[in-house]
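Input: structures, listed below.
Heads up, the next two complexes both have subunit A, just with different partners, subunit B and then subunit C.
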Partner chain A sequence: MTIDLSPEKVYPLVSALLFAGVAGVTLLGALVAAASRRLVYSVSGLALSFVGLAGLYLYLQSPFLALMQILIYIGAVCIVIMFAIMLADVVEEKSARSRALPAAIAAFLVAAMLAFALIALIGRTAWMPKAVRVNAGAVQDIGRALLTRFGFAFELISVVLLLAILGALVVARTGRGNNRE
Partner chain B sequence: MTEGMLMNLVRLLLYLVGMIGFAAFNAAYLTLLERKQASWMQLRRGPTEVGPWGLLQPVADGVKLMSKQLLLPRDVDVPLFLLGPIMVVVPPILCLVTIPFSETVVARNYNLGLLMIFAFGAVSTFALMLAGLASANKFSSIAAARIVAQNIAYEIPLLVIVLSLVMTTHTFNLHTIVAQQAGGFWHWNLLKLGANPLMPVAFLIYFICLLAESNRAPFDMVEAESELVAGVFTEYSGMGFGLFFIAEYVNIVVGCCLATILFLGGWHCPFGLLPGLHWFLIKMYALCVMVVWVRWSFPRTQFYGLLNLSWKYLIPLALANLLLTAVMLKLF
Partner chain C sequence: MNNPGVLNFFTQASNHLGVYLVLGALLFAIGFFGFCRHRTLVGMLVSGELILSGASLNFVAFGRFLAADPVTGQAFALFIMGIAAAEAAIVLSIMLAVYRNYRTIQTRDLKEMEG
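Right, the complex of A and B next:
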């Protein structure tokens, strides 16, 4: 028996395996983030999920987005969340007791509705055809799009971030008002 | 499988082995350099017993580290505790893959190489923090908290400086960045005053950030032997401890490689003669010696001094540099 290793046979298989791998990592990370009792594990799971997401971007031929995903979401977001956990000194495990039944049912319903809506959306969207050309100028394209077509959203987000920083400063400087003499 | 694919695979494997070897060699012999240089500066003799001039000392150290037992203290978070050192050491080694050591010696000439190095550097920081948290030790936790503040503070000026450099080079590809600096030393980015008169200042900021990002003295808040025992590494023994040191030295090497590429013309000769791998290595190791030199010359800063330096001086300077670059780009 000979194994056919021509590129036409191998590439789709490798591609499918790769996709299964990165999607699996994303889901696994998300599961760990949602299911674990310890916050440190949750953040680690989140980080794993972000790595998987970066893999998905890479799979979709957007290496720039993939690297940005790692740089920003792991390098900044996860680290800051971890920092917050450390500062907040959460009493772990014990506080995360299983929820009451009504709350669990409500949570399940909300999650189910969200999942249904997303799946319905995926089903109804008219997907664009597969990109024919590998986009070499992704950085330039993203930059141009951010500063022209999405300029307004871009500026709004910076205003939101600025407000968040100012708010954090105010809270840090004066406190929330309670437990002060 | 076609011939070309096979060749590619073999080439990739060889590079992988080479990179790991290069990383391990550097980690081993930079410790020796560190000890020797420290002893020269302090009028001591340093390691002399093992091999001629103590040249085999790193080998002895390696054997010692590997033969030690890996201790798991009672309260540690075992999976994260074990994962920590591995995740700290892998990203900097991966970074080496995209670094062009010479015109031809480059494992993967990647279009976004510069960005990749910073992305993986971020993973390393996250892992260091995870290791500190998993150790269930006060010193480790304090060190982990310091890592965050320090790395976030120094990543900003670092990225802004690199951004202004990318604006003048128009590319993230490290190979192309070096190729643009062909010719004598006056073509190097360090002296490209036409693009930005503050280029030497940018290099200085980069170098300070490099020290801080690789957690080197005078910014070694992560380890800080005299106040935090060994910081994040306190609970680790044997090779677990060793991996952190390998990571530290590989980080220095990657940082110095990047400085060489971004500012000092990579593999090009300062006088336009005989460009090649040797020039890259000379520049890179000269910078490594500088890093060690700084460590043994300056005492550790206070933590607030460290943060003040970044937020009050380096970030505004870096932003001014960015602005100036943009203005120069528009005007000329």
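Right, the complex of A and C next:
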């Protein structure tokens, strides 16, 4: 009995293995981020989960989103959180461990129920795909939509980001001023 | 008879909407679990990012499979990224201010307004 190794048979299998790996990395990183006691591990798990999520975006035919995911989330957000951990000299989460276990079990039960309910809901809904697609969802289409149809939201996001930067500066400076008095 | 069906689903998994929705739901649930379990502000911020990423995975999946215009889901995910970056900046500056005043970011010790 020979194994069929033609590209038509092998490529889907390799792609499916890659997809399973990417999905597994996403969930594993998320679990590490949620369950780890040490914050550095937690942020590293978050970065791992974001790498997996970028792979999932690639499978969803949005390579631009995958790139932005790596650039913004891993390159900016995770690094900034890591800086904050180092600046704030975070003590690890070891206080009140005796009362932490029942709370963790309760949190796990609620989260499991939430996941079960959502998955049951997904399973029993009949999704209706649209028959027509107006474009291919390529990078050019995203750029055109961002500057025409979503133009107002795009400008609002830039204002929000500017205000966030200014607000962060003000909040961080005010505390320092109070400390010097 | 069962085995080829399982293999067929496995090779086609990346083309099913439900797979992505289940992944998004699991990400959301894991983020919720972490949000309840973590005892520091940084841990809660990290879990909040997980919840946001679960939501944005859902949006992109819907845009890819169901929407007439696949750009919509991707644009929405991009907006979520912008909001999440702004949120992280604000939260971290608040955290630094809190740390400067209280010398801790454990949520248990921040109870000045506790009745």
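One rule holds for everything that comes next: the second predicted complex is superposed on the first by the 131 of 181 C-alpha atoms of A that agree within 3 Å, B and C clash if a C-alpha of one lies under 4 Å from a C-alpha of the other, contacts with A are read in each partner's own complex, and residues count from 1 in each chain.
We take it that a residue touches a chain if its C-beta (ideal position, glycine included) is under 8 Å from a C-beta of that chain, and two chains touch if they have at least 3 such contacts.
Quick caveat, the model's predicted, so the values are computed rather than measured.
By the document's definition of touching, neither partner reaches A:Leu147: not subunit B, not subunit C.
Among subunit B and subunit C, the chain that touches a larger number of residues in subunit A is C.
Contacts of A:Leu114 after superposition: subunit C is touched, whereas subunit B is not reached.
Of the two partner chains placed around the shared chain by superposition, subunit B is the only one that A:Ala47 touches, whereas subunit C remains out of contact. When the shared chain is aligned, subunit C comes close enough to touch A:Phe19, but subunit B does not. Within the superposed three-chain model, A:Gly75 lies in touch with subunit B and out of touch with subunit C [touch as defined at top]. By the document's definition of touching, neither partner reaches A:Leu166: not subunit B, not subunit C.
The interface of subunit A with subunit B overlaps its interface with subunit C at residues 64, 68, 76, 80, 87, 136. Put simply, subunit B touches subunit A in their complex at residues 1-2, 77, 80, 111-112, 115-116, 118-123, 125-126, 129-130, 133-134, 141, 144-145, 148-149, 151-152, 155, 172.
By the touch criterion given at the top, residues 5, 7, 38, 40-41, 44, 47, 63-64, 67-68, 70-71, 74-76, 78-80, 82-83, 86-87, 136, 139 of subunit A touch subunit B in their complex.
Against subunit A, the residues of subunit C that register as touching in their complex are 10-14, 17-23, 25-34, 36-40, 42-43, 45-47, 49-50, 53, 57, 60-61, 63-75, 77-79, 81-90, 92-97, 99-101, 104-106, 108. The part of subunit A that touches subunit C in the complex is made up of residues 12-13, 15-16, 19-20, 23, 26-27, 30-31, 33-35, 39, 42-43, 46, 49-50, 53, 56-57, 59-62, 64-65, 68-69, 72-73, 76-77, 80-81, 84-85, 87-91, 93, 95-96, 100, 103-104, 106-108, 110-112, 114-115, 118-119, 122-123, 127-130, 132-137, 141-142, 145-146, 150, 153, 157, 160-161, 163-165, 167-169, 171-172, 174-176, 178-179.
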